[in-house]
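First chain A sits with chain B, and in the next complex the same chain sits with chain C.
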Partner chain A sequence: MVQVHGSAIERVSVIDDDPGSRELYSLYVEELSMQALRENGPFTSVEACVERVLGAAHAAISDFKLKVKTYASFNGAELVASLYDKKLPSILCTRFEFADLDEIRPYRQRIPALLRPDELDVDTIAHAFESCALEFRNEFVQTRKPWKTLIRIEDIHADPGREAAVDVCLPSWNRNVMVKLQRSELPEWMHAKLVADAHFYAVVNIGAERPEDLYFSKWSES
Partner chain B sequence: MVDVVSTQTKTTLRFATAILRRLGEELNPTMDQGVLELVKNSYDADALSCMVSLRNVDQAGGTLEIVDDGIGMVPDDIVDGWLVLGASEKELQTVTALGRIPTGSKGLGRLACLRMGERVELVTRPNKRPTEQFGLELVWKQFDQADTVEQVPLVIAHQKRSPKATQGTRIAVHDLKRPVTRPEVERLARAMILLSDPFGTKTHGFRSVLDAPEFKDLSALVEKRYFEQADYHVHATASAGEASVGIVDWRGKELHSADHKTVARKRKGTLYEAPDFEFDLWVFLLSAESFSTKTAKLPDVRAWLKQFGGVHIYENDLRVPPYGNPGNDWLELNVLRARSPEERPSTNTSIGRVRFEGKPKCLVQKTDRSGYIESTAFTEVKALLQDVLDWTARIRLQEAEKHRGTERGAAPKTTRKSKKKLDDALKQVPPKARAQVEEAIEAFEKARDKEVDTLKREVQLYRSLSTAGITAATFAHESAGNQIKALTMALKLIESKGKRELADRYETTLQQPVSIARRYTESLPVLGSATLRLLEGAKRRVGRVDVHDALLSVLALLQPFIAGREITVETKFAKGAPYLNGTEAAIESILSNLLTNSMSALERGGTKERKIEIRTALHPGKIILEVLDNGPGIEGLEPSEIWLPGYTTKVGGTGLGLTIVRDATRDLGGEVAVEERGELGGATLRIELPILGA
Partner chain C sequence: MTGDRIALLDVGHGNGTVLHIGDQVCVIDAGPGTTLLEYIQENSLPSIDLVILSHADQDHIGGLIGLLVAGNIPIKRVLLNTNSEKESKVWAGLVHELSVHWQNKGLQFDVGLTAQDSPITIGSATLEILSPSPGLAAMGAGSLTSEGRRITSNTISVVIRVIYDGQPVTLLTGDMDGIALDELLSRNVPATTSLLVFPHHGGASGPRSAAFATKLLRATKPDAVVFSVGRGRFGNPKKQIVEAVRASNANIRVICTQLNEECASTLPKERPTHLTSLVAHGRERNRCCAGTVVLKLGQGGGLFPRETPHREFIRLRVPSAMCQ
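After this line comes the complex of A and B, so read on.
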């Protein structure tokens, strides 16, 4: 059984719209001698799901795409971020495409553990729950530690019929990699100032290794 | 009893002289902002004109002078007004004799402007005391030497006025600390021109003039008023939270209108918590076609819009900066236009004005004059205007669609009409030659019909392929996502449980089948991922494309399929990093279709030791891309036919791959060529593209 700072995680809710995947997540959980609660849904709201999980489990594992069928009216990123607010250790597990990142990024600060299926094993699950619990006490693992960082706008994407987006560069993280952010993720006061080469500050976890692990918050003028 | 003697020391709060710098210079960082504050003081003093002059300012030590014909100041006005910094706005709400509402200057901008020099000279001739004038001098060095502001005594000199001297105020800032640059003068000129709503038809009786050539040029430009050349004009009003909007054409005739319910449909008709205002936007279609029927010239209108375009805000007939300044797109016109270029204006194609009558109490300007505080009221003004713009775009798009539909419907009718004309003309041809001409026309019609048929087939094929792409992208996740995820997790579980339960025996029993299953599982998501990557919107944006990078990225995307067919791909790229102006999607279309073509040929020919080579060579101004393979070469088709749509020797093939290569190459301004049997034995397809550099 996974112990997180003295408290045992005994029950883990498993949220996935595919019954086969739910079963497999449950087998992993049971490998760690914890009880898996297979959440069969459907969930009409993220609040209802959070209430259900909080009332029954000490932790949760959720898939990202929950809305494809009629299982839920929200995606896994929204759910895990809401559980984070309630200080419940949670993992978002998904085989995401780049397009999915647009939907995940706004919640990324409140998703301490984002794992791909091939990264999932008993060790990574235990470690993920631990790092969640650490963050609830305001302690961050290196890859999640927030730093005030200078950010440069590289390019603006405004494709017809699509939500506008910007490519940003974080010189103190990796000057060769551009990170795409949806304009709607950025505070409104920035919108009229989004031009190539504009500089801003944001709080970012620049210890992250992969672009998909970066989160952005507290934007301010440079 | 003991007597208690109480003593008192009277004192006041005092300010270090450094506060002058902080309050003035740091809160009003630009020269034009400071000067504008002084011009606004003139407006508040009921001046009809205000002249700003700059003398010898191309180097430090010059002079800035502001002269107006306002009501001037008596000593009490100077003491209790002009010299008071940070006055409350409440005191400034009284309407002036000319009915103006004071702009509410707090004096900080004035301070910034005055501190631009070493010495300030104020001379004012009040209308209340027609025989007197008053003077005051501020020498900043005295403040720098003192510890507190109060330590520097200021003296207002009372003088007799010459009978010829009329009322007004003159402020001269001497010994400017630094030169004034040309861009600063241009910015000031623009700000002064826009200050008192030069676009309205109303005369407001205040004119501020900058004595500089830049101002004359811009004044002449602004006077041109190209409003009547606009293609359409949007007029909207907000009244007690309700919006209404109309679109009128260039003659002022109403084309469309909408009430609050329609404009506010996104917010289900709830009222806007915005003050009352009027909004006008003049939109120009800056194309040669649109200007062919207009009296103004396209470059003139373009220059005018470049200088004054954007949506400006006027409060009480005076402009509120920075809305509508270059680079300030507060209504996000440009972003919205980029998303829907057809029927949306940008700051370069439109000019507009939001006009608040009087001074709305719920809108408060920031102390540093960088616009309004982002209050609910201001956000709601923006929301209303954006809803108005959305409605306008919807209406314009509906119109454009209708127009396109009419054009499509009208085409056969037009053809019939033309045919009748031709027949009538033929009757005029002498009978002897007529038969010959008729024969030629018939041949031409047959050829044209064939071409139309080909185009129709091509369009249908493109539509089918687009549908296939859309379907693949939409269902990529469902078709394989869950299955792949479940297989990956199951295999990892089998592996970890197997290792634990079987210990050493795992290696000899389960390891091999598990690793084979894992390898196949890893190759499964490739098609879905590749389809989604090919459809990424950013790839269709025109911009700089690094050709080698784009080629390598296509190759990486298709690598799993190439490896699956046991094909070795070799790249032989020229030295350098060639780049062109185009879309990554075009390069992707070219190479992916060429590779798919080679892969099909290798499969068709049953070639062993399958090879594809991708070569690039650089020549002045162009890159030559060659894709060679050791397949059977071109069989069953003429080399020129391989580029035609629908021509294929592959069973079930679309015959469109190489047509797309040809079209994408032409889009990039290049040419295609083919060698039936090239250096490797199979076909060599050659693409020549113009480049910008390498």
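After this line comes the complex of A and C, so read on.
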């Protein structure tokens, strides 16, 4: 059984619209000698789901795409972030595509563990729950620790019919990877200043290895 | 760890070195990511007296941007070689941040560092700038030598020999290449050292890489060689280089900060016990071989992690180690 700082995680809610995936994730959980609570839904609000999980489990694993077949009215990123606010260790598990990142990124700071299904195993589940518990005590693993850093605007996208977005480069992280951020994710005061080569500061977990793991907060002028 | 020492940080693929001499702190190269930031936080360093950047590659400068922006540690002076040939985005970011600090925070930064600026004093230690010579630096990246060899930013990478108690204790070579080595040897510059940080992370490839390693080892005669590498990045150090290093001296100690995939295709499950307690980029995911390496200077000094437990780790957990 996974112990997180002295407290045993005995029951884990498994939230996925696909019964097959629900079963698979549950088997991993049971391999760790924890009870898997297979959540069958449907959930009409994220609040209702949070209430259900908090009342039944010590931790949760959720898929990202939950809106299929009216299983839920919200996505897994919203749910895991809400559970984070309630200090419940949670994992977002998804076979995400890059388009999904636009929906996940705004919640990323409150999602300590984002795993692909093929990354999910006994060790990663235990490690992810431990990382969550650390963050609840304001301690961070290397990949999640927030640092103020320099951000450079590389490109602006303003395609008709699509939400405006910017490509940013984090020189102290990885020069080769551009990170796309929706304009709506940025504070309003920045919108008029979004031009190529402009520099800003933000608090980012620059110890992260993958672009999908980065979160951005506390933007300021450079 | 206290006292005079040189910490060769495991920053993943890149270089980051911190010299602690008396109450002086000097950073030489600042690899990307958070290791340098964490090291400074962990050691409660009040300020950094000098930062030297060997050249403009991201794996040597990215961490300084983070350090400047974090803003919680005063940096008194920065010396850097200019070359934006390969790294314009990172370079632009660094120049932007250095300019902000120069204008608003009184940072002194000087551009262009050559052998002419040697020596630099850090407490009781001396930094000898062995390369580039002013002539080599003046030719600049992109030009050709008289033999038709192309000069790159690596050619004009700063090479520093640390002298402590009158002894050459460490040679930091940045990404020095064959042109720079030949030019240095042609000037008959003494380059012997007890510890060599191998250039370009042991990543030089091609038919002449082993010859380069042999020539470098013959000139420097080290007792130990460090490869500052990141697992999963470029497969460094290359096998032919490690073989040439080992062939140069049967007793030489070969130290990699992280585990090369060729040495260990899978990562150890168990937490290593031989590492120093200092921050290391590879620690969290068990990617360290030696992790952060420390050379303690003066009486009771030596190289950490100690050789015996490190060798034991390699024997038990690194099935195809190139260094054994």
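To be clear about the criterion, the second predicted complex is superposed on the first by the 222 of 222 C-alpha atoms of A that agree within 3 Å, B and C clash if a C-alpha of one lies under 4 Å from a C-alpha of the other, contacts with A are read in each partner's own complex, and residues count from 1 in each chain.
Heads up, the rule we're going with is that a contact is a pair of C-beta atoms (placed from the backbone, for glycine too) under 8 Å apart; a residue touches a chain by one contact, two chains touch by 3 or more.
Keep in mind the model is a prediction, meaning the values are calculated, not measured.
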Overlay on chain A: chain C relative to chain B, clash or fit: fit
Which superposed partner A:143 touches (first chain B, second chain C, both, neither): second
Partner chain in contact with A:192 - chain B first, chain C second, else both or neither: first
Which superposed partner A:218 touches (first chain B, second chain C, both, neither): neither
Superposition-derived angle with apex at the Cα centre of chain A and sides reaching chain B and chain C, degrees in steps of 10: 80
More chain A residues in contact [chain B versus chain C]: B
After superposition on chain A, the shortest CA separation from chain B to chain C (Å): 12
Residue numbers on chain A that touch chain C, as the complex places them: 141-143, 145, 147-150, 152, 154, 169, 171-175, 197, 199, 201, 206-207, 222
Sites on chain B touched by chain A in the complex: 327-330, 332, 334-335, 338-341, 374, 379, 476-478, 481-482, 484-486, 488-490, 492-493, 496-497, 525, 528-529, 532-533, 536-538, 540-541
Contact footprint of chain A on chain C as seen in their complex: 32-34, 37-38, 58, 62-66, 69-71, 87, 89-90, 92-94, 96-97, 100, 281, 283-284
Complex interface listing, chain A residues touching chain B: 18, 20-21, 24-25, 27-28, 31, 63, 65, 68, 94-95, 97-99, 117-118, 120-122, 156-162, 164, 183, 188-189, 191-192, 194-195
